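Two complexes follow with chain A in common, the first pairing it with chain B and the second with chain C.
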Partner chain A sequence: MATVTITMKNPPALYLEAEYICPDEFAGKTVAQIAELHVYEGNTKSTLGKYFEVSGDAGATAEDTKIVVRGDVKKVKYIGMKMSAGEIVVEGSTDLYAGAWMTGGRMLVKGDIQAFAATAMKGGELIIEGNAGNYLGAAYRGDWRGMSGGRILVKGNAGSDVGMYMTGGEMVINGNVDVHLATHAEGGKIIVKGNAPSKVAGQMVEGEVIIFGTIDVMMPGFKYVDDVDLEIEGITAKFAHYVGDTGERHKKRKGQMVYGHLYQKI
Partner chain B sequence: MTKTITDVVCPFCGTLCDDLEVSVTDDGKQILDVYNACAIGAEKFLHSQAKDRITRPRFQQPDGTWKETSYEEAADYTAKMLAGATKPLMYGWSSVNCEAQSMGNEIAEICRACVDNTAAVCHGTTLIAVQDIGLPSCTLGEVKNRADTIIFWGNNPCHAHPRHMSRYSIFPRGFFTGKGHKSRKMVVVDPRITDTAKMADIHLQVTQGQDYELLNALRVAFKGEWLPDVVAGIPKEKIIETANIMKAARFGIIFFGMGVTQSLGKNHNIDEAIAVTKDLNEYTKFSIMPMRGHYNVTGSGEVLAWQFGYPYSVDLTRGFPRYNPGDTSSIDLLNRGEIDAVFVIGSDPGAHFPISAVKHIANVNSVCIDPHITPTSGISKLHVPVAFNGVETGGNAYRMDNVPIDCRKVVDPPEGMLTDEEFLKMVRDRVKKLKGVA
Partner chain C sequence: MAEYIIKNGFVFDPVQGIKGDKSDVAIKDGKIVKDVSKSAKVIDAQGKTVMAGAVEIHAHIAGPKVNLGRIYRPEDKLFTCTATKGIERTGSGNSIPSTFKTGYEYAKMGYTTAMEAAMPPLFSRHVHEEIRDTPIIDEGAFPVFGNNWFVMEYLKNHEIENTAAYIAWLLRATKGYAVKVVNPGGTEAWGWGLNCLSIHDPVPYFDITPAEIVKGLIEANEYLGLPHSMHIHPNNLGNPGSYQTTLDTLQLAEGIQPKNKFGREQVMHITHMQFHSYGGENWGNFESKATEIMDYVNSHKNLTMDTGNVTLDETTTMTADGPFEHHLTGLNHLKWANCDVELETAAGIVPYIYSPDIKVCAIQWSIGLELALLAKDPMRCFITTDHPNAGPFTRYPRVFKWLMSKKARDERLTTFKNADKVIGASTLANLDREITLYELAQMTRAGPAKSLGLTSICGGLKPGMDADIAVYDFNPEKPLADPEMIETAFSKAAYVFKSGVQVVTHGDIVNIGNKRTLWVDAKVPDNPQVMRDIKEKFLKYYSITQANYESLGHHFVPNPYALEVDATQV
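And then the complex of A and B:
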């Protein structure tokens, strides 16, 4: 796999929108051509090369292109947006929309990411070694389709509205989440190793949420069914099993009502 | 001698009462009294008569004193600031007429700015929810003539919309509601015992921050599913009783305010409240309506949506409209340090934004268009006083139920003062020249 390294040398005064930092865009281009790709700081259009030093080689296709992002990119939005293949490694923290609408490939962020990461993600893998922000794997505003495929791992904590309108795929959060986990979810699976304060799986139609820690306030629309033994990520334990949201609409499949499932470790 | 002007529209709150009478001196220059308005509405008219009003634009000097300038120079400064900025924010618009809002949007488009209105700190969350699941609503006239079950959720119209209950929701005798308040059931949901709550047939004193749970419990109760004994501090029996009252309504309405839009849950609270309304339409006719605050905040949403497709927090920096509160919303933009120039009109973020965001306004170039001296004008580099909308100039405004009403001019502004629209037109023409737009 050919590697392009971009290093921040001239940080923006405001914020940078750099959706072209993506294997699909870099593939088949020379270093000089990559440096000519557009970025926006507010209403001002300029080039990637104005802010970043670009070195290395891009592969012929996205699949064999790896991008390493170095330097302070805390004020850079849209890294890895719509990536379909290849790899991105961000060595520090980055801003909004990391890996948004990604459909394939692998993106690793060694620091933190801000809100709207993996918006409407369809496939691939996103790994965050630090913390994630709000709306991780959620739908874009006004859309009813959040993350539908792929896998997200957050080693730290995540914010609120995680997995809103999620329809598929899997998300593992090693730390805690904030309110409104899996709101409106219609599929997929979310595992939280830490705590979730309240409003967990409100308006959920279908899907699975597994919480290892505490839930301070349970949604009234979730009713207890039974205790079950589950093996989650190599850990076998007993979980209280709830179904819901009973206030929300639900389909019938084979004569059976289809609910969302919430498991909490006992 | 005096003359009385009738059918005057009150430019204070979203109730937009259109039955005021104002007596003015014969020369039409001074307001003597205001009839039919509530205390806060009347004050808006009388306040414009203050003798110590600022009547000319003024620049703030480095030592904090002010230096008077002309409207021409003020327009030059504003145009240069907006045209030269990398990411300017144009915020406010809620106490401005639709004509001026439209003119402002034109400037924003030419300068590729972010435009946002006070929904950002008020009913913006409502707009998010409406986009997510729709809004079964109606007009206030329908409420007056038909509604027999009124729910006030997280608002206190006694003090915030003082004539709402007498004109539309509780007291009036309408076509099918001939007995006035005797034919209406009133439910109030509020963690506090407000003056509105004291009037209610049922007051659900919800635990603060758990409106989402209570709304969810109502939906569960409609469907007759299992409920915990207590939800959000309200016993199950009370929830079921309320659910039954709602189902039994002939025509019900939920009016909701900032107690739900800006408390924990935010847009999700409204999302769930709209879902409650939707569920109730399986049994009867039910509607839901936000209690919009500023007199024309609704109009700003209408004009923005008409011109750019989104009702607030619109980002035009890339030359096409984008909308994603959290990214394109004023407080986030300011807190994150994404903005390098701030233009405020017809609102007071200095008083209502978090201090971190206000500090950012103070640190960049800023213009404040406001007839009053406000915390925002106090931290702005340029303060441009203008005529009072709805008092010294007319123009179009939208009531909280999206009904447009033309306001009336009742007196002239002080000699030589411009209206918002006139000043914005000067800025627009200058910005066009600076940007080379025909």
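And then the complex of A and C:
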């Protein structure tokens, strides 16, 4: 795999929209061509090369291309947007919509990530070593199609509205989450090793949410069923099993009503 | 104003009966003329197709429900925004484009006139503000009458003169163009949580039936002699078996003759017929009844219709048929918006995905094409997508492709996921007809213009008419190597003129033209009773005063064009 390294040398005054920092866009291009790719600073169209020093080589295809992003990119949005293959490593923290609409490949962010990361993600892997913001793996504003495939791992905490309208895929959050986890979910699996304050899985109709820590206020639409032994991420423990959200419409499959499942470690 | 001469194109003009002859079209002072001086600018149309600017008879492109669709569907704007380019302003949206994008996209396809199909009278000011901000194309708006309290009260006693006087007043107050009817009685019934699914279901409280409303409005329309006929979205839209309700509705026009000075020959225009041509009892045995519907339409000259072609896209449905949208959200479980418009109408909005993998959607697609291909008189059957309900208007070139090429539509038909079931549910696979360019000009230009009473103004290339002209990169003499060429050519016209101003060059907007708002000024004998009723309703029921109701002046209608009718001597 060929590696392109881009290093922030001229930080923007405004936020930078850089959806072309993506293996699909870099593949098959020379360093000079990569530096010519468009970015927007505010409403001004500019080039990647104005802000970043570009070095290394891109592969012939996205699959063969790895991008290493160095320097302060806290004000850079859309890194890895729509990536389908290859790899991105962000050595620091980054702004909104990282890995949004990604369909494949692997993206690693060593710092924190802001809101709307992995919006409507379809496949691939997103690993965040720091904390994630709000609306991780959620649907775009107004849309009803959230994360539908792939895997997300957050080693720190995540914000509110994580997994909103999630329909598939898997998400593991080692820390705590804020309110409105898995709202409207219709599939997929979310594992939270820490705590979730309240409004967990409201209007969820299908899928699984597993909470290792506390839930301050349980949604009234969830019904306790039984205690179960589960092996989650290599840990075997006893969980209280709830189904819901009983206030919602539920479909039937093979004569059985389909529910969202909420497990809380006892 | 500049003179132009469009030279050596293949001209298709049903108004003059020109079927692809190589000839020149001359423009002077905004009109089509016989000759121009030698200084006229020459537009080389060698090897290209020349037609009049197209006329959209039914689309939802301005007003509160369109705008509510824009507000509640940010995802419709995702990845569909267009940046500033030349004189073009930014635009956004796919199924519900912003006003500027709407004007540009119509013009790029060679459309120069469009009708907003459902104006809630109470919100006519909003409609006109959006029309004003939609560049290039001439527009009119149809106020809705089918669930209006005045209309129902007058027609309950068959008071045609009073209904006509009220229509004349409302057209003037709202700067409206025609009498639109949406689910007659049903939308009012929706206020009680009910609906009118047949033409004989009584409307709660008003004790009138849809049949009486429809017949009465046709009579009032002909009493006034309006340019367009009563324009109806019948009861029972979109349900399996709805074709029977449609046939019942069509029969209401039987024996009624048109009376107008505009050359219009129909007394009823039925819109988005595709949604009204369904057989079967449920979604399992859902099937096309296009043959039955077209047999009736073909043999009744006092009817015109448009198709409402499904384009197989993700779109946004929006209609004044409030109960239908509630029914639809129950089917697809997507978000729903609903609004009641006091005394007048209502509206609902639901996003919809016409998926080629879903049997019903593919049959709906078949029905729309079937209707157009079964039409014996292309001057009475027009192509629409009921934008955005069956698909965005920007898909017209694709619909043209399916209609003009059997190869293109068979490729689509045979690759549906449930192809066997879809093919079995309609006669589309057996239809070999390919719409010709001349027929296309009838179905998109001359036909709708005649139905709208605009024959003397647009839809043709006869000297004296407005110079609304579209030139396409399409050579009818060359064998069609690939049907995609149809879609490409009609998506981006080579040249478009609007009232003699060149607005499009090679698919780019070069001028925003001289956009007008078309409306109908109908004079009726003084009618103190109706004037008193209007005053009383504003005092007793409306939440605003009469002075704040009317669309007046430069702000709302900066460039009006009034078609006048005089019913004082009837």
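We adopt the following convention: the second predicted complex is superposed on the first by the 266 of 266 C-alpha atoms of A that agree within 3 Å, B and C clash if a C-alpha of one lies under 4 Å from a C-alpha of the other, contacts with A are read in each partner's own complex, and residues count from 1 in each chain.
Operating definition for what follows: contacts are C-beta pairs under 8 Å (C-beta built on N, C-alpha and C of every residue); 3 or more make two chains touch, one makes a residue touch a chain.
Predicted, not measured: the structure shown is a model, and the values here were computed from it.
The partner that reaches more residues of chain A, of the two candidates chain B and chain C, is B.
When the two structures are aligned on the shared chain, A:221 is found in touch with chain B, with no touch to chain C. Once the two complexes are laid over each other on the shared chain, residue contacts for A:44 go to chain B alone; chain C is not touched.
Applying the stated contact rule after C-alpha superposition, one finds that A:28 touches neither chain B nor chain C.
Using the contact criterion defined above for the overlaid structures, shared-chain residue A:115 touches chain B, although it does not reach chain C. Touch criterion met: A:203 reaches chain B, while chain C stays clear of it.
When the shared chain is aligned, chain B and chain C each come close enough to touch A:144. Taken together, the two structures place residues 140-142, 144 of chain A in contact with chain B in one case and with chain C in the other. Interface of chain A with chain C (complex): residues 139-144, 249.
Chain C contributes residues 72-76, 78, 333-335 to its touches with chain A in the complex. On chain A, the positions that touch chain B within their shared complex are 13-15, 17, 40-44, 77, 96-97, 115-116, 134-135, 140-142, 144, 179-180, 183-184, 198-199, 202-203, 217-221, 223, 245-248. Of all residues in chain B, only 85-87, 111-113, 128, 131-132, 210, 212-213, 216-220, 222-223, 225-228, 231, 264-265, 268, 271-272, 275, 279, 316-319, 323-327, 336-340 touch chain A in the complex they form.
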